[in-house]
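Think of it as A, B, C and D in the order they're written, each chain with its own count starting at 1.
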Amino acid sequence: MATENLIWLLPLPPLLAFFLIVLFTNKNKALSHSVAIGAAFLSWLGSMIVFIRAVGVEHFGEHPFASSINWLPTGDNWFKLGVLIDPLSAAVLFFVAWTVLMIFLYSVGYHNFGQPAGDHDHKGLPPHGATLHGHSVPSIEPMYSRFFAFIGLFAFGMYTLVVSDNLLTLYVGWEIMGLCSYLLIGFWFAKPSARNAAIKAFMTTRLGDVFMLLGIAFLYSSTGTLTYREIFTESTLHALATIPSGVFGLSAAGLIALFLFIGTVGKSAQFPLHVWLPDAMEGPTPVSAMIHAATMVSAGVYAVIRMFPLYSLDAKTMTIVAFIGAFTAIFAATIAVAQNDIKRVLAFSTISQLGYMIAAIGMGAYIAAVFHLITHAFFKALLFLGSGSVIHGMEHGVYHTGNHHLDPQDMFNMGGLRKKMPITFWTFLIGGFALSGFPIITAGFWSKDEILADAFANGHMAIFITLALAAFLTAFYTMRQITLTFLGEPRTEEAKHAHETNWTMTTPLVILSVFAIGYGWVGIPEHFPLLGGLIPNWFHEFVGGTLAEHPETLPFNVVPLLTSLVVALGGLGLGWYIYRDVKTAEQDKLQFALLKNKYYFDEIYDYLFIQPSIWFSEVFVSKWMDKGVIDGILHLFGPATGGIGASIRNYFDVPFINQFLGDGSANSVYWIGKNLRPIQTGRIQQYLLLSLVVFSVVGGLIYILLLA
Amino acid sequence: MIPLSWYLLFSAALFSIGLFGVLSRRNAVAILLGVELMLNAINVNLVAFWRYGDIAVMAGQVFAIIVFAVAAAEVSVGLALVISVYRRRNTVIAEDLDLLKW
Amino acid sequence: MTTEQIIFLIVAGATLAAGLLVVTSRNLIHAALWLVATLFGVAILYTLLNAGFIAVVQVVVYIGAIAILFIFAVMLTRKDMRDSGPQHNKTWWLGALVSLLTFGGLFAVLGQWSGLAKTGAELPAGFDSVAALGEALTSANGYVLPFEVASVLLLAAMVGAVYLAFNKK
Amino acid sequence: MNFWTDPLKVAADWLQGVFTSWGMNEVFAHVLVAFLGVLLLITILMVIDIFLVWIERKVVARFQDRIGPNRLGPFGLIQPFADIIKLIIKEDTTPAGADKVVYNLAPILSMMSVLIIWSVVPIAPVILSVNLNVGVLFLIAAGAIGTLSIIMAGWSSNNKFALIGAFRQVAMMVAFEVPMLAMLLIPTIFAGSMNMNDIIQAQGGLWYFVLSPLGALIFLVAIIAELGRAPFDLSEGESELVAGFNIEYSGMKFGMFYAGELLHAMTFGGIWGILFFGGYRFFGLEQVSPFLAIAIFLFKALLGYWVIMWVKYTMMRIRIDQMLVFNWVFLTPLSFALLMVTALMNALLQGAPVWLYAAGMFLSNVVVAWIALEVARSVSRKERQKVEGVAQVAEAHH
């Protein structure tokens, strides 16, 4: 099959799976998950085929796979919808396909497939476990099929976003994913915390999305197209760069880029819209958490990278982007240091890593950003799944001891899981090292080092230092997490009895860990000592082809390399040193209230926005405007209308309308009807005949009188 | 080569014949026969215009096909109606089916 | 007077005669059979118009399905099939008048039309009207939508017919 | 180009020359030659038809463990002529109250509906009567005429048995035209053309039987029903309808129905061979000489005919309701499903290597067949349980 058609088909299987499950198979759990996984596998297969064909093409950047259809006639020309796979989207497609497939597979195990139904499980609450001859065991998720339906829809959104060749369908996929994250965060809708988190995430991202929509609309109104390849032509870009937008001195390009960027800020949880992501950890499982923390949020970054030519037009915007990115990176990293929930740590680290990418784009380090995006997606997915596996193992312990009050996600309840869950431990270790950029072997090192090198080479000293600091913190809290979770001795009874999870959960871990290490080697810079040039810097060549002018490779500089070595190893070492024998949360020196409460951002927002809006709606609108003003006016209307109505009735209605018009017309109609009645014989042919006669007579008259 | 006018005149004649059938037959089935004649006349026109217009534009033939479909639907429903009427009223004389009058 | 024209005149004359018999013959079965003859004639005209596909479909759909359906219907409503009583209603003369008028009107209108005497161009070599028709029926920029709608219509008609003719006893 | 490589054209040109040398008008001569060609074809077919009578009788005899006609001539080869003479000298009756014209028209139409099929049948690479680009549809059209002839016969004989028989037959033919049409579309999909000759040419490497065995099977069932032979001969169930629509016919008129049926059977055998077994092709042998090609085609046609006879003399007749249910509830959905699957696979495997294409098609067919059988089995089990109650069925399983 032609590649273009194949690309068209890529997003469909998960969507079909969604409808299939929702409409038909939701009663049958096994069928549901096989449908979902089968769909994910089909998409994965297609993506791999597309990817391999893409790699095969020479100068893929100049002539990517693209096809489009006329969708909407807009006056003189068409609004086109279509698909586009160029080097960038091919690379993204690669990791999306892998991660999505892994998630689907992993969910089977995570939701305790094969376990008995819970004794007193309710839809909308996490499974409480069942008693199987005597002792209690995990119980299967009550809404198992629904979960697979949701992630199927999510996968559809992600694929759509990646393969689409214009901002509109990208936005569609974007919003579908927003919906999915809402559904998945609020998956256990019986838990108030989950409900609120879902609403919070939805509202926060919505704020960004509205701006993004504004940006898209502005872009369309000023260029008349939303297709990337039509926007990124010399003439269009130049026009955009020259038109002034009239808003604080930005060019149109700048303003559009800014709007789109706000959308990204919402979607990939950049400061100041980062607040939803930590709460999103209320989502039932690390699976859903990882869906919208490792995959979906990269959609935001992807959007920015996708529109990079537009961003690069306006220096102001670039500066803002870079600033926000760098700030988020350091800001989130500091928070992550003080979190105890294994998932929240990862959430904040995600935020800070995304900040990395955003900062990289802000500095114009295009390829570095893409590279880090992909490596990060892999090892962060690995970490989330690993944490899920850990929690699952801990729940095993919980079921063993029966102490359901213990929080299986608190790292201070863990420890010493190294021996209990070897596979999870090693894979988690790999992921953690990759995240903290452990030198040479891990993928994270190469991508992060490239960003730092870029920052240094282009002389963005402030950003360079910030990012280096962030990298140090990253390494630190990663090691803290690993140490608290796996090393040392079990702190609780549950941790003692945790044991390894089943293959459906460990297989994805192993596969992802391969990428977490290996993916770095496709992007080793050429001028790197010793290693450089051993493996050609394929990634740079391939993805660099996306841009019109191919970005040149940086000259090697020893400073950033040393920096990243120092921060990575130093952070890891320090983390291990401090936490090697911390027994309880009290002994943790770094539990500053400020950090623990995420700089009180939730409270601030609550005070600044939520309370006022509540006041506005309840007091101002409801009590004053509605009850007071509007009702008051209405109450005035009543008597007045009554008076007018009565007079009209007595002096006009009764005598004139009723007696003269009403009865008079009725009588006349009755009379006419009585006399016309015989015509209506009820014989269809006569009706037809009559109409034809009339028609021919009238037609003839018209013809004779008017035309002739 | 046959001039277009012949076809048009032919279809006009066929149409009128069908119209006569529709207007004058007593039997409902016979009326439907007349309708078929009219539809055929239309089709001849469509195809003739296709042939004598721009050959590459297939609109004429396509419409002819659509008319086939419509004719089939019309006949099936119409005859079904006739039969069910026959079951209830035991007649298919159009003039007897005049419940529609006052 | 080419061969084609001779064929056309013969066929058209026969077809019109058959058509007249359809609307005039007293025996309904004969009327239906005459309808078949008419349809055949029309099919031949289609072939004269180089529309082979349409011609064959005409035979398949009309004669193979519709005419048969008519004959069935006539036989199922047998009581009125007997040649008893007049086959035309009292206002048949008016009907005849109107249809004659219609014909006359069409004749007049056609007579004034300019493109009347135009003769079709020769078919371009290697032009496959079936392929072209298929393209037109299925291409997104062609007539795929009417095509689908027609299929829906047929489905609806089928359901309706089955429901109507279903003997509720 | 000599007589052995292209006999028809050579002969036609020669005749044309002769006629024109008599000072005959060009066009008229051409028409005359074409007419003679048609006459020739029909004559040959009729001769074959005569022997089909003999073949039929021989084969049925073998099936029923008899010898069959063996008195007149070697192997009773003269027997059919005797039959014909008998038919001709029989009294030719016309029932009272019959509609004369229609009554006499019916047998002619039925014979015509068979002969007209041969106008599109390519019997050798160089001998194609009419190279019609919608040949496949033409078959259905011809079938429509057959249907017409039957209903005319049934109605005009003014005999309720005949009418009921005709009704059944027509109901069956109209019903089975649907799966038949669907299956005709499958070779059309493969060859990308409705032209019979193209379909044959396209089966160079691979007979479509290999690509779509299920299609071939369904088509066989459909044509048997179209022919109204056993197990679908419920239109002439002797026990209930005496002889079906042709009950009132005698003498040569009946003979025409009879001969028409036999020729129809062989014709459909040939069509089956053309659509699914490569027609006149046999590993390039057809290139050697047209006569060889004709021989191959005839052989395949007779083989198909034999299969039809085999079915006829082994199966027992089914009731009309069973027949209709079988068609509308089972065969038609199945054929449509198969058609869709084939079209889908064809689209998916576009440009795939031949072996992959063939394997995909074959496997998809097998899968469809398997699913259909499973569904049928479960349904029939439920039916049985409704009738017999669960218990016996259960033990019947063990």
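The criterion applied here is as follows: a residue touches a chain if its C-beta (ideal position, glycine included) is under 8 Å from a C-beta of that chain, and two chains touch if they have at least 3 such contacts.
Keep in mind it's a predicted model, so treat the numbers as computed, not measured.
Within the contact network of the assembly, the step distance from chain C to chain D comes to 1. Of the two chain pairs examined here, A-B and A-C, it is A-B that is joined by more C-beta pairs in contact. Of all chains present, the one whose mean CA position sits nearest the global mean of protein CA atoms is A. The centroid of the Cα atoms in chain B and the matching centroid in chain D are 33 Å apart.
As a whole-number value, the distance joining the C-alpha centres of chain A and chain D reads 62 Å.
Among all residues of chain C, those that touch two or more other chains are 53, 57, 65, 72, 89, 91, 94-95, 98, 102. The residues of chain B that reach two or more other chains are 22-24, 94-95, listed in rising order. Of all residues in chain A, those touching 2 or more other chains are 683, 685, 689, 692, listed in ascending order. Only residues 2, 4-5, 8, 12, 15-16, 19-20, 22-23, 28, 31-32, 35, 38-39, 42, 45-46, 48-51, 53-54, 57-58, 61-62, 65-66, 69-70, 72-74, 76-77, 79-80, 86-89, 91-92, 94-96, 98-100, 102-103, 106-107, 110, 115-121, 123-124, 127, 129, 132-133, 135-137, 142-143, 146-147, 150-151, 153-154, 156-158, 160-162, 164-165, 167 of chain C touch chain B when the two sit together in their complex. Partner chain B is touched in their complex by these residues of chain A: 677, 680-685, 688-689, 692. Those residues of chain B whose C-beta lies close enough to touch chain A in the complex are 22-24, 31, 94-95, 97-102.
The touching residues of chain D, when paired with chain C in their complex, are 27, 99, 102, 132-134, 137-138, 140-141, 143-145, 147-148, 151-152, 155, 163, 167, 170, 174, 177, 194. Note for the complex: chain B touches chain C at residues 1-10, 12-27, 29-30, 32-34, 36-37, 40, 43-44, 47-48, 50-52, 55-56, 58-59, 61-62, 64-66, 68-77, 79-84, 86-87, 90-95.
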